[in-house]
Amino acid sequence: VTRGGQMVYGRYADSLFLDPVLNDANLDIWILTNLYDTLLQPTDDGKSVRPGLASAYVLSPDKKTLTLTLRPGIKFADGSPILASDVKWSLDRARDPNNGAWNGLLDSIASVAASGNTITLNLKHPDPSLTAALATFNAAIMPQKLFNAAPGKTDADKAKAFAEKPIGSGPFVLSEWKRGSYMVLKRNPYYWKKGEDGKALPYLDTLRFEIIPDDSTRILKLQAGEIQGAEFIPLSRVAELKANSKLNMLLFPSTKVNDIIMNNRPKLKDGTPNPLSDVRVRQAINYATDKTALIQLVTFGNGKPMNSFMSSATPLFDKGQKGYPYDLNKAKALLSAAGYKNGIDVTSMATSGSADDQALLTALQQMWGAAGIRLKIEQLDTATKTARYRANDFQMRTGAWTDDIADPSEITGYYAVFGATEAAHTGFKNDTLEKLFDQSQQEVSAVKRIGLYRQIQTLYANAAPTVFLFETPYPVALAKNVKGFVQIPLGYNIFERTSLEK
Amino acid sequence: MPKPTLLIGLVLLLILLLAALAPHVLAPYSPTDFDYKAILNPPTARHPFGTDNFGRDILSRVIYGTRIDLQIAVFTTLFPFLFGTLLGALTAFRGRWADALVGRIADLVVVFPFLVLVIAIVAVLGPGLTNMYIAVSAVGWVSYWRLTRGEVMVQKKAEYAQAAQVLGYSPARTLLRHILPNAVTPSIVYLMTDMSLGILLGASLGYLGLGAQPPTPEWGVMVADGKNFMATAWWISTFPGLALTLAGVTFSLIGDGLADALRPRA
Amino acid sequence: MQTSYVLRRLLQIIPLFVAVMVLVFLMVHLIPGDPVSTLLGDRATPDIVARANKELGLDRPLIVQFGLFAENLVRGNLGDSINLKIPVLRLIAERLPITLFLTVYAAILGVLMAVPLAILAAVRRNTWIDALIRAVFQVGLSLPVFYVALQLLTLLGARLGWFPIGGYGDTFGDHLYHLFLPALTLGLNLAAVLVRTLRNSVIEVLTAEYVEFARAKGLRTRVVMLRHVLRNALISSVTLLGLNIGALIGGAVITETVFAIPGVGRLMVDAIFGRDYPVIQGLTLTFAVLVSLVFLATDLIHARLDPRTEHR
Amino acid sequence: MTGATTAPLLSVRDLNVRIPTPAGELHAVRGVNFDLKPGEVLGLVGESGSGKSVTLRALLRLHRPPIAMSGEVLYGGQNLLALPESRLRAVRGAQISMIFQEPMTALNPVLTVGEQIQENLREHRGLRGKVAQDRAAELLDLTGIPSPRARLSDYPHQFSGGMRQRAMIAIALASEPKLLLADEPTTALDVTIQDQILRLLLRLREELHMSIILVTHDLGVVAQTCDRVAVMYGGRLMETAGVEELFHHPRHAYSLGLLRSLPGAGAHRQPLQPIPGGPPNLRYLPDGCTFAPRCLYVSPACLGSEPPLMMLEGGRASACVHHAELPAVSATGLEPESLPTQGVNV
Amino acid sequence: MTELTPAAPLLSVRHLTKTFPVPQGVFARWRGQPQRAVQALTDVDLTVRRGETLGIVGESGCGKSTLARTLVRLYDADSGSVRYDGQDVLTLRGAALRQYNRRVQMIFQDPFSSLNPRMNVGQVLREALSVHRMRPAEQIPARIAELLSLVGLPPEAAGRLPHEFSGGQRQRIGIARALALEPECLIADELVSALDVSVQAQVVNLLLELQERLNLTVLFVAHDLRLVRHLSHRVAVMYLGRVVEVATTEDVFDAPKHPYTQALLAAAPTLDPAHRTAAPALSGELPSPLNVPSGCAFRTRCPAAFDRCAVERPPLLTLAGGHEVACHLYSGQSEAALPQAAVLQAPVPQPGHS
């Protein structure tokens, strides 16, 4: 490998808030691990974990205590040592229910104890997803002293100040941030991981994020050699860039699923009866959806049909799921059986200005029309769409999901379990499924858990609260000389092993 | 006296109107139907303007788009024109405090960021052409108000207008029959420019997702849709772009021609 | 052009400012969608949303919120951005100069293009040169900004490599270099509008008796054109230029997006889509003041150019 | 008056100006011939649209393409219409200056009066800075503007109508021209101011030994100011004559009609004697004499070809077939008895 | 000269005053600066008798047009009164005002701008006839033809637009439009000033003829002294918003009393080349109407001005023979101060001259 140099990476939008606990958006999450390190880390396939700041961890036989050993000699980017107290403080902050949106991931922890280089987590109950949670961005270890030294009275104020110039222990450290324009990350000289050459990672001296909102401009800039990487390449241009010999067009497997979320309640918000409350109708819609054609049209062949509500890159995905093959006759039959011989009228919310939503829904309009499902598209701006969705005031909407944690519980808790968000606001509730899920949350045996998840996925598929569509990869284009970059299925951009070859 | 500019403009307009009124006669295909087998085809005899990423025939979409874009041109300007012109005439002719009040409101409209207004309206009513019309109308009247007001201020001092008063005609007659017809020309000429601006605005808002919604074949949105294919399928945005230019030229020619034709002979 | 006139105009901005403030506050708070849900996304549970709303004070009655907003405003505090968590004033202070730079640059390029071409078209009116100039600008005026921008980027940026693709640069020289294409894009648009009026006013001025008189004095053509024709022809274009610059400040959104320029236009769009109330409010107020100032400046320049102007 | 032997300062030979318009070519000046003696004031009169201004502008070749000028304007031995632009500028504004009817529109509104005078001084006298300023003040003083130095920095709109006209004269005189072309310099002014300006021009003519061509349609102004008169109608000269001869014995039916139509020629509140009809349309000129359709003396002789300007006795010329038959004006009572011969003049 | 029986005045104007405030900023007002105003008419007194022609002359800006426009209520007077046939004109509103306007018609100066460029002659006349219900609908075409022939235009003129006519013809259209309403009084503001002399005479003749036939009272506003002299029974001379002299035409032109009238007459060029004068009749410029001199407005240019002229405004005195003049030279007290060698070309006015 070649060491040194600066890599410029074109992002479509800037990060908002670089606090691991209080941030809200993928814009932050997907780059945070470059700045902050976690005790454990997700593997590159996103399905399991490997040691991070903790070199080892042991689960007690009763599965209610997790003991982690801190790696010796680890330091924050300012050179100060990472102490067990920093770890305890960080984890306590991350699991504080008053802090941010992610504390639920660490919900099972009853208390954290730190002594020497040992961290002991006492659990309320066995938690099969705990190790994955510890490899998630919000469980990042932050320097307690520096954080407390930041100006501001409350934790929230301090967080704001600290996040402007964060010091973590990730491979890079923020050196300059011109909001909306660029962000410069410098190599963290104290990073613990070693590269192929036996010296400390990362290889790059500087990593620079340029914010280039327009897709075409981002690509032009990459083609002109002004930047070495660009994210979110429109799928329509993948083929073109693949053919470009100066570029490496990569499609990283992702946990991203694209679906149509349906309102399963008998009545819509405005009181009109909702045919989608009939499972046969929901199944019919699924059968009427030609995923292969959609993948061709919307993703230009760069997608995979969904057979479960979760992506095939999510741990415990059941390969045996059949999903809904395209079957127009079955669709029609089911509709008739449900008493809708003349078809039904449905309305879907779409995000205005989203080319993908446009393409998708116009295609569905045609497909479903053949089965007598007359789709009306209602374009809304994101804020309005979200507000309507959260108020359960919709019939259908385009939906997409990416996992944040290498565990199926997150997506399942959101999609399949009623919970606080009413099963992705579909209103779907299946008591058996709920029981299975509760069980799976405490089932530490991997094999048993696989079985539970198989049942969950089958139950969900049969009830069809959503329309399964397709999975899409993360399209990233890189200059030919860029090596060692990965975007893991959780979306994290991993630059620690990235190098610019001659 | 023959007016070549106006004549050419009117001929072009006629062509546009024809396409707008009878797209189904002219267009070889449906503007919205997909053809999976003909995705991103370059111009051929079958598809003279090529096809887009859904296999839709660009020629047909451009032809069907005429109606949409002419509609945008008319609806973004008609209300502002009527309202602004009438209000301008009234405030200039009679209004003391009304004139001042409308002036303040106009100031407010001008300094208020248009985009905030559009998005606010779109957020309440949803995106789409109708709501774009509302947003544009809420702002667009100011230009016409200004133009007409200024012109009426001038015209009401003209001797023919004073003559109408001295002839004992009622104020309404003086304003509507005498002053307004002579004060409306700048507004009509501006109307033509404004129509192309309206179409352009529609395209810009389309770029931000606030304009015409798919699968509506609107030229501006079509150009935007073709943005990602400029390197591989130039035809997707080029032909609607040409259509936009043609419409712009048409309105501009008619505008220039009208300015000439409507100027009263001294 | 007395100071009292300027002062009075400045004072007139205040009621306008208040009206804008009330209007924008009501508008952003009454439209559907709210910053917290938008920011937290689809997944957040109701209690997380409620907690965030409480922290931001968004759960209080609108009138109380308005009171707080007004009070802060009087103290010169526009609040913190909900999405970016930094003070709005700082945000605007960072972004506004960029947009202003771009706007002024565009205006200069626009004028530099428009003036000579308009004169040329006017002097050679009804010849092919005139037709060509008018046609080129007509095409520029008929095509969407993003299309023109992308074509310029592809041609002058990517294909010929003369200019960098997007970005803003660090030094003044850098800015000039980086912002050339976006300024050209906006400038072309501006020039298209200017050429039309300027051409007409040059034609008009050319037939004015004082131009005839200047020629009868035996002055050189260049002197006649610059001293007598241009200055008078510009008078009518200045107001138009002012109006357009006002629109440019708020309308640079698309250009800023395409060229990846971190200006207020892009910020505004993001803020509106994200319902970032403090940012929308702050930007709207800034915009209102700026546009008012541009209009004032326009009037002052107009008065400079035209000594006959009487300020009332 | 100078004797007939003096060489003319300016000779105009067969001057034609053609103006292309969308509705067809307009032959605005048709074969105009005249001489101007040094120090002479020539009045050019005629109805509106008869081509006076177009003629005057053609003398300095001020018309721009597509307006076409032909013929000769001989000045100092050279034909101004054929001179290269650079040489022309040495005459234009330097030897021959021009002033206009409407000083408000003829002065550049955005330049101070001082700047506009100094511009001329710099171009033709090579004066700059302080010297130019002093000279400019002198010129304003010469035209009778009080506190001239202070007024140099005023803009035209800060002047009254009469002062503007004076300022324009000052600008025109800055180069100390030999010939002043004045296009209706007093029409926009009040009688009392017109009176002042005309007398100023006559005084300056004496002091600076200038010739003047004075375009006007006011016969009173002609009577009071000019040495000789040229009467224009439909783009042609109809008659040239010494001023007294013209007023007492016009030798063209048009001149006669003009004088007769003036109020004061008949009794109080009695009908006047208008020339019937209206001015000719220069695009559709009748065959023969242009004035024939309105003429009381018209005969078949007038209708064939257009009568040329014929030289008559006493250095005058007429283009009227019936010039010999026309009565003297005194018979019609140009000055009614009721007018006092001395004193108040109306 | 037609003999006039001194009839009761048809129109009488008393102390008519009209100012045009100059717009001023709030700051100036706030700082207590006095409101500046153009003094367009100051204390104007005039009477017009039925059937007579009253000429009004004066230099540009002296208020001639303002007077005319105030009389037809295009402007609202500041103070004073106007009585027409016993009616208080200044308080008329609505229908009554329109009725008054029908009886007192104004004809405008500019033949180019006084006709709506988009209406043809027939429409112009039809509108006038139908709005005021001058004729039942079926008689309107005949009346239009009649009016056209009255002003000497061919009947086919009805179908043409104003721009197709020459200036003189347009003035005829304007007159026809006024006559359509069968007015009693015509106010002609610079009716023929824009026309060439040869055409001027045609319109003047028309006016004379119509006045004879229809017994019109005419207020003839003009600055062409020759024309006013030819047309008017009586003449009023104005200077800076004031009437300085009113008398019969003969008196004004043959024996002018006010120094301004004298200067005005002297400045007008005569048609006789044999009589030329070298010195200007009057020096100095017209003062700004925003800043009218105190006392007598003419004193700044008056060769005969003396102390009193600066302090006291001379009232309009009626001298013997009904000759009215506003000059201190003619008030009894000023006799002694009368300069014996006035630098005027005119005969030195004799106080009490008849």
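Observations
Letters A, B, C, D and E mark the chains in the order given here, with residues in each chain numbered from 1 onward.
Note that a residue touches a chain if its C-beta (ideal position, glycine included) is under 8 Å from a C-beta of that chain, and two chains touch if they have at least 3 such contacts.
Nothing here was measured: the structure is a model prediction, and the numbers come from that model.
Chains that touch both subunit A and subunit D: C.
Looking at D-E and B-E, the interface holding more C-beta pairs in contact is that of D-E.
Taking each chain's centre as the mean of its CA atoms, A is the chain most distant from subunit D. Taking the mean of the C-alpha atoms as each chain's centre, subunit B and subunit D sit 52 Å apart.
As a whole-number value, the distance joining the C-alpha centres of subunit A and subunit E reads 90 Å. As a whole-number value, the distance joining the C-alpha centres of subunit A and subunit C reads 39 Å.
Chain contacts: subunit B has residues 119, 123, 207-208, 227, 230-231 touching two or more partner chains. Those residues of subunit A in touch with two or more other chains are numbered 216, 381, 383-384. Residue positions 31-33, 146, 150, 154, 273 of subunit C each touch two or more of the other chains. Across the interface of their complex, subunit A is touched by residues 32-34, 36, 39, 53-54, 119, 122-123, 126-128, 207-210, 213-215, 225, 227-232 of subunit B.
By the touch rule above, subunit E contacts subunit B in their complex via residues 69, 72, 74, 97-102, 105-106, 108-110, 112-118, 127-128, 131-132, 161, 163-164, 174, 177-178, 181. Of all residues in subunit A, those touching subunit C in their complex are 13, 16-17, 24-25, 98, 101, 156, 160, 163-164, 178-181, 210-214, 216-218, 220-221, 223-224, 226, 381-384, 386-390, 399, 414, 419-421, 424-425.
Across the complex, subunit E is touched by residues 47-48, 160-163, 190-196, 198-199, 202, 217-225, 243-244, 247, 257-259, 261-264, 266, 268-276, 278-279, 334-335, 338, 340-341, 343-346 of subunit D.
Residues 31-35, 37-49, 51, 55, 80, 83-86, 91, 94-95, 146, 150, 153-154, 157-158, 161, 164-168, 257-260, 262, 266-267, 270, 273-275 of subunit C touch subunit A in their complex.
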